[in-house]
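Which chain is which? They are A, B, C and D, in the order written, and residues in each are numbered from 1.
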Amino acid sequence: MSVKKDSSWEPVILAFCCNWCTYTGADTAGLNRMKYPENVRVIRVPCSSRVNPQFILRAFQKGADGVLVCGCHPGDCHYATGNYYTRRRFMLMQRLLEYNGIDPKRFQAKWISGSEAAKFRDTVIKVSAEIKALGPNTKFAEGYYAQNEGGNE
Amino acid sequence: MMKYSYFPGCSMDSTAVTYKKSFEYVADKIGLELFEIPDWNCCGSTAAHTKNEKMALALPARNIALSEEANPGLDIVTPCAACYSRLAYSTYAARNSEETRKEIEDIIEMNFKAEPEILNFLDLFSDPEVKEKCREKMVRSLKGLKVACYYGCLMSRPRKITGEENPENPMKMDAIIEMTGAETIEWDFKTECCGASHQVDAPKEARPLIEKIFRNAAANGADAIVTACPLCNMNLDMREEEINKLYSKKYNIPVFQFTELLAVAMGAGAEQSGIHKHFFPAFDRINEVIRANWEEEKKKAKEEAKKNPLADGPIVVGKAGK
Amino acid sequence: MDKILNREEGRLLAERIAKEAGVNVRECYQCGKCSAGCPMADSFDLMPRQVIHCLQLGDMEEIFKSKSIWLCASCHTCSERCPHEIDVATLMEKCRIEAQAKGYCGQEDVKLFNDIFTETIRYFGKSQEVILEGAYNVASGHLVQDMENVPKMLKKGILRPEMNTVRDKDAIKKIMEKTEEGGAVK
Amino acid sequence: MARIGVFICHCGTNIASVVDVEKVAKAAMQMPDVVFATDYKYMCSEPGQAMIKEAIIEQKLDRIVIASCSPRMHELTFRKMLKGTTINPYMLEIANIREQCAWVHTDREKATAKAIGLVQMAVAKVAKNKPLSAGTIPITKKALVIGGGIAGIQAALDIADCGYDVTIVEKEPSIGGHMVMLDKTFPTMDCSACISTPKMVEANAHPNITLKTSCEVEKVSGYVGNFEVTIKEKAKYVNHDLCTGCGLCQTKCPTKVTSEFDQGMSKRSAIYIPFAQAVPSKPVIDANACLKLKDGKCGICEKVCPIGAINYQDEERFTTEQFGAIIVAIGYELVNWEEMYPEYGGGKYEDVITGLQFERLVNASGPTEGHILRPSNGKEPKDVVIIKCVGSRDPKKGKSYCSRACCMASAKHAHQILDKIPNSRVYVFYMDVRTPGKGYEEFYDNTRKDGAQYIRGRVSKIYKEGSKLIVKGEDSLLAKPVTVEADLVILATAMEPASGAYELAGKLGIAVDGDNWITEAHPKLRPVETQTNGIYLCGTCQGPKDIPDTVAQASAAAVKVAALFSHDEMETSPMVSSVDPDKCSGCGFCVDLCPYKAISLVEYAGRDNGRKVTKTVAKVNEGLCQGCGCCNAICRTGCIDLKGFTNEQILKEVDALCL
């Protein structure tokens, strides 16, 4: 079941969520039966600082249309300083992706604590709407390069 | 620099005549340059902001606009607490919302940037340069006079408009009065309200406010109360006898404007300082203090002369004018 | 008739007044510190705390009928000491303006004095304090009020014939008209 | 080749009602390396687990994926289940198809597609899992209690009774904290000293407890079971080994300074014990007050001391010790109300005092031997006002929280005044009366019956006229402003963390909240633990509370320490980072990044394409590492990897996106 690219197209968004805050927030959203679009898939990581920029590039390469990195609010990190590094890394990452022609909205970092279930749902709704508006991401996508060698949009 | 744009306000020419006289004497003595705003209008005081907010912002704004035109780059200084508050409100509103500033500009049909700072007389006389000049000009000491500094409400509140750090116990006037040698006492009604215009339109409800001020001043051993606003001064000075009758009290506390004491300390006579034109007798209290200090100085000078006869005679300071 | 809270029509009006004053009346936990410090509270029929409570309930009628919003001296002691930074003084002022617009007045003399004051500004551009006092005495019927101070006023040189007026009177008239009926600007 | 088993849970109808579980199971069979897939109503139940174990044996599975609720719910359950099988508990991945799929989506077809996608990711990840086993670290069976108040004393006594050694570090010259300052305690009106001094003596005499007074914690490093703590011992100028506590020096000392213990209501000498029942009852010299130490004069105490225990050249000493666990019990302080409330006089009226100052007045060993006298003129007050919530519940000027204990303390004070001063009048200005403990409400009832007049409304101003203090309030039930002419005003001031709480938390690496109260691991389920293993807390350092709660928490913290010390070794989580020394270039980036300083550079003798070579490489201390993975992301060669969340595993999960 490869990712289809037609009009009723649904974006695929990958969300790296830190186990102590955002993953807990996502679970709380489930507990309260909040509803949000299906096109976000969560990968659980111990801390948002575990997310290596390499994973983001790999996600875009494998056809993700949007990537989210979510963690605790600065100061609340279970590992004290983890999310400070996240913040710094992903400011640079956003500029790198922009430099490579990927719309910065396709990659976002958000601070969502364990009790902010509504914020998690709203973020998912907002991001998936934004990505849907942007349309499929062809930059970096392996499939795309294989089909027509040119490679630029 | 000692140059200010001056907004006198409606009271200066009528009820606050002693404030005007003593202020002008002191300003002249210390070389303060004041440029009155041409064709200034009434700031609207309590009446305007009781009627509607736009009028309350527009009336003072016209004065500020006139000052920006006639006295560019100068801060505006005003004696009355209500004018100060209303001018400051318009400035605060304009600076905080571009939309309001434009709205006011349309109403007064002048451009109004709200650049000048609004200062009341306590801010003016707390300026280090002005203070230094005042100290130089002091010739008489009012040592022995125990003074309760009364700030009223609009000089220190609301905090977001006046920037006063400690509205419960401000110290600006205390510091100014201490220059004259008088001693300022600690008391608790520094910023309790005097009832302002309610003394006219709701006398029965507002009179107790004045009595409480006198009661606390007396309880803390004040010989005199000093104010910095024409209306506070009038409410206390004009109605002290009435309060004594109404509440069968024997308060004997004259009420001065702080510029009157500055003027006297700088050698002004009754005429220039206006201390003989109070509703409640005030001249004698000042006279006793000056005479006492003068005698003491003479006695000290005599002992000085005895100790080393070569020194020249006692320095007799200017005669206490009638 | 019993006070049906959920039917209070004033709720929208109360919300608008609170929003205009930049205050969230929900924050008030009715501690009474404003009433305790209010210099005029002894003569209030509705304590400042109760005015805020009426705003919470949306019971605007109670406020409009009250004397309190007129006797308030807007000295800001309440706003300064409120633990939740509720600007009680501004709320009182907004209620006063709203009450006037709706034709209520709990203390005639105060409204009368302010009206005369604004009229003197409209005509002279500057407030003529002593004339203001005289006109108020006549209009309010307290003819003798403060008359015992006149001799001293003469001695002090306050009662002087010349009138101090603004030269550009139209500017002032225009400001008054524009802001009064909500004229051009709303 | 991995042999993966996939088990889809219905969770009753929670999942099955939205996700077509059979379809997911069928789809799972097509996934690479999956040899068995099934679904069942309740995977976590007994029959469910039995079914999995059976399938592991029958299908010779070597790793499993369970698609069910959140791993935060049952990961532990399924790991314990796997302990009983041939599979290592860490050869398991869980796909969250309940909280993050069935419960949050409505479209059955899309939800099923997502569930299949999540299972795909879990299967891809589990293919790369490796068996892990928990490591163990030794434990030093000695506990450190920071703070010598009732919390610290109770915790220390309980740990010592379990047979373990305890050290109490207290910054004041005597233990006892605030409780020993009080006169009576609510609701039983026991004399506070009578119930706390015996515990202090017991703590001093207990063979397993060492008391370190006038000491502070300087530096803390290490990890649970192996903390290394440097303690600073302030200069006492008195040799406590020689000193017998005869007290001669105190009587002869000429200088008089205000006594902190008596809240500034009395004087004490430069060489002093804070109060009569101080433990240890040996004096110290206050360097800022002693004439000898300041400008070389006097020296009387040295002359009169029969055993020559005085030593003016004493300096502060640092000692470093090993501890297995740390309990923070540093207590509270009262807020500085003078700065917060100029409208209450800002401290210029002697007769406006705090609750603690009143405790000293009414205390028999206090400055007035228990007579309630006005500090201004020493006469007995007739009209007393008690004001509650001074500093508490005041987000603008004070603290936003409620300090919990002052309602009852104020009721107690009112009762004591009415009891000790015949026909006195007590007015209590309150917003609410909170009596949440056993016997508290009855105590409050009695206080009202004694005649305490409760007035609902906050006081706006206190000022002095003549000898009376005028208290301006509103009786909001009457809706009238009211005034009380008082002889004495007692303020129930708010509690705030002890000074130095923020710095201590920094040294211990534990979190504090916005007001600097120490943050507990979980407000409901782990109230006496902190986020850091091995560091516990109890008493008011975590937030305002009264003595019963404090003592309960102290014993709770003690049992946590005892549980830790009951094993010789401690199991650590296997999900920690490890370095492949051959690939490591020794750049040290990861070393300064690690929040737990768990990585260090070490010499490593290895092979570099055949040749023997020694180089510096990074090494992870498995005990210290908490498994955050921050170092993985910074490593340029990718040689440091977090077991359980390796780069390879996560990349495989990402790849599963476009399978």
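To be clear about the criterion, contacts are C-beta pairs under 8 Å (C-beta built on N, C-alpha and C of every residue); 3 or more make two chains touch, one makes a residue touch a chain.
Being a predicted model, the structure only gives us computed values, none of them experimental.
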Original post:
Which chain has its C-alpha centre farthest away from the C-alpha centre of subunit C?
Top reply: A
Original post:
Looking at B-D and A-D, which pair shares more C-beta contacts?
Top reply: A-D
Original post:
If you average the CA atoms of subunit B and of subunit D, how far apart do the two points sit, in angstrom?
Top reply: 55
**OP:** Could you give the separation in Å between the centres of subunit A and subunit D, each centre being the mean of its C-alpha atoms?
**Re:** 35
Original post:
How many angstrom between the C-alpha centroids of subunit D and subunit C?
Top reply: 53
**OP:** Could you list the positions in subunit B whose residues touch two or more of the other chains?
**Re:** 168
Original post:
So which stretches of subunit D touch two or more other chains?
Top reply: 343, 461
**OP:** Note the residues in subunit A that touch 2 or more other chains, in rising order.
**Re:** none
**OP:** Return all touching chain pairs.
**Re:** A-D, B-C, B-D, C-D
Original post:
For subunit A, which residues count as touching subunit D in their complex?
Top reply: 1-3, 10, 12, 14, 19, 23-24, 26-27, 29-31, 33-36, 38, 41-47, 49-55, 58-59, 62-64, 76, 78-82, 85, 89, 121, 143
Original post:
Where on subunit B does subunit D make contact in their complex?
Top reply: 166, 168-169, 186, 188-189, 215-216, 219-220
Subject >> Interfacial residue positions of subunit D with respect to subunit C in the complex >> reply: 343, 389, 393-398, 431, 456-461, 472-476, 479-481
**OP:** Flag every residue of subunit C that touches subunit D in the complex, lowest number first.
**Re:** 29-38, 41-42, 46-47, 49-50, 77, 81-85
Subject >> subunit C-facing residues of subunit B, complex >> reply: 10-11, 13-15, 17-18, 39-42, 44-55, 58-59, 62, 103, 106-109, 153-154, 157-159, 167-168, 191-193, 195-198, 200-206, 208-209, 212, 238, 242, 277-279
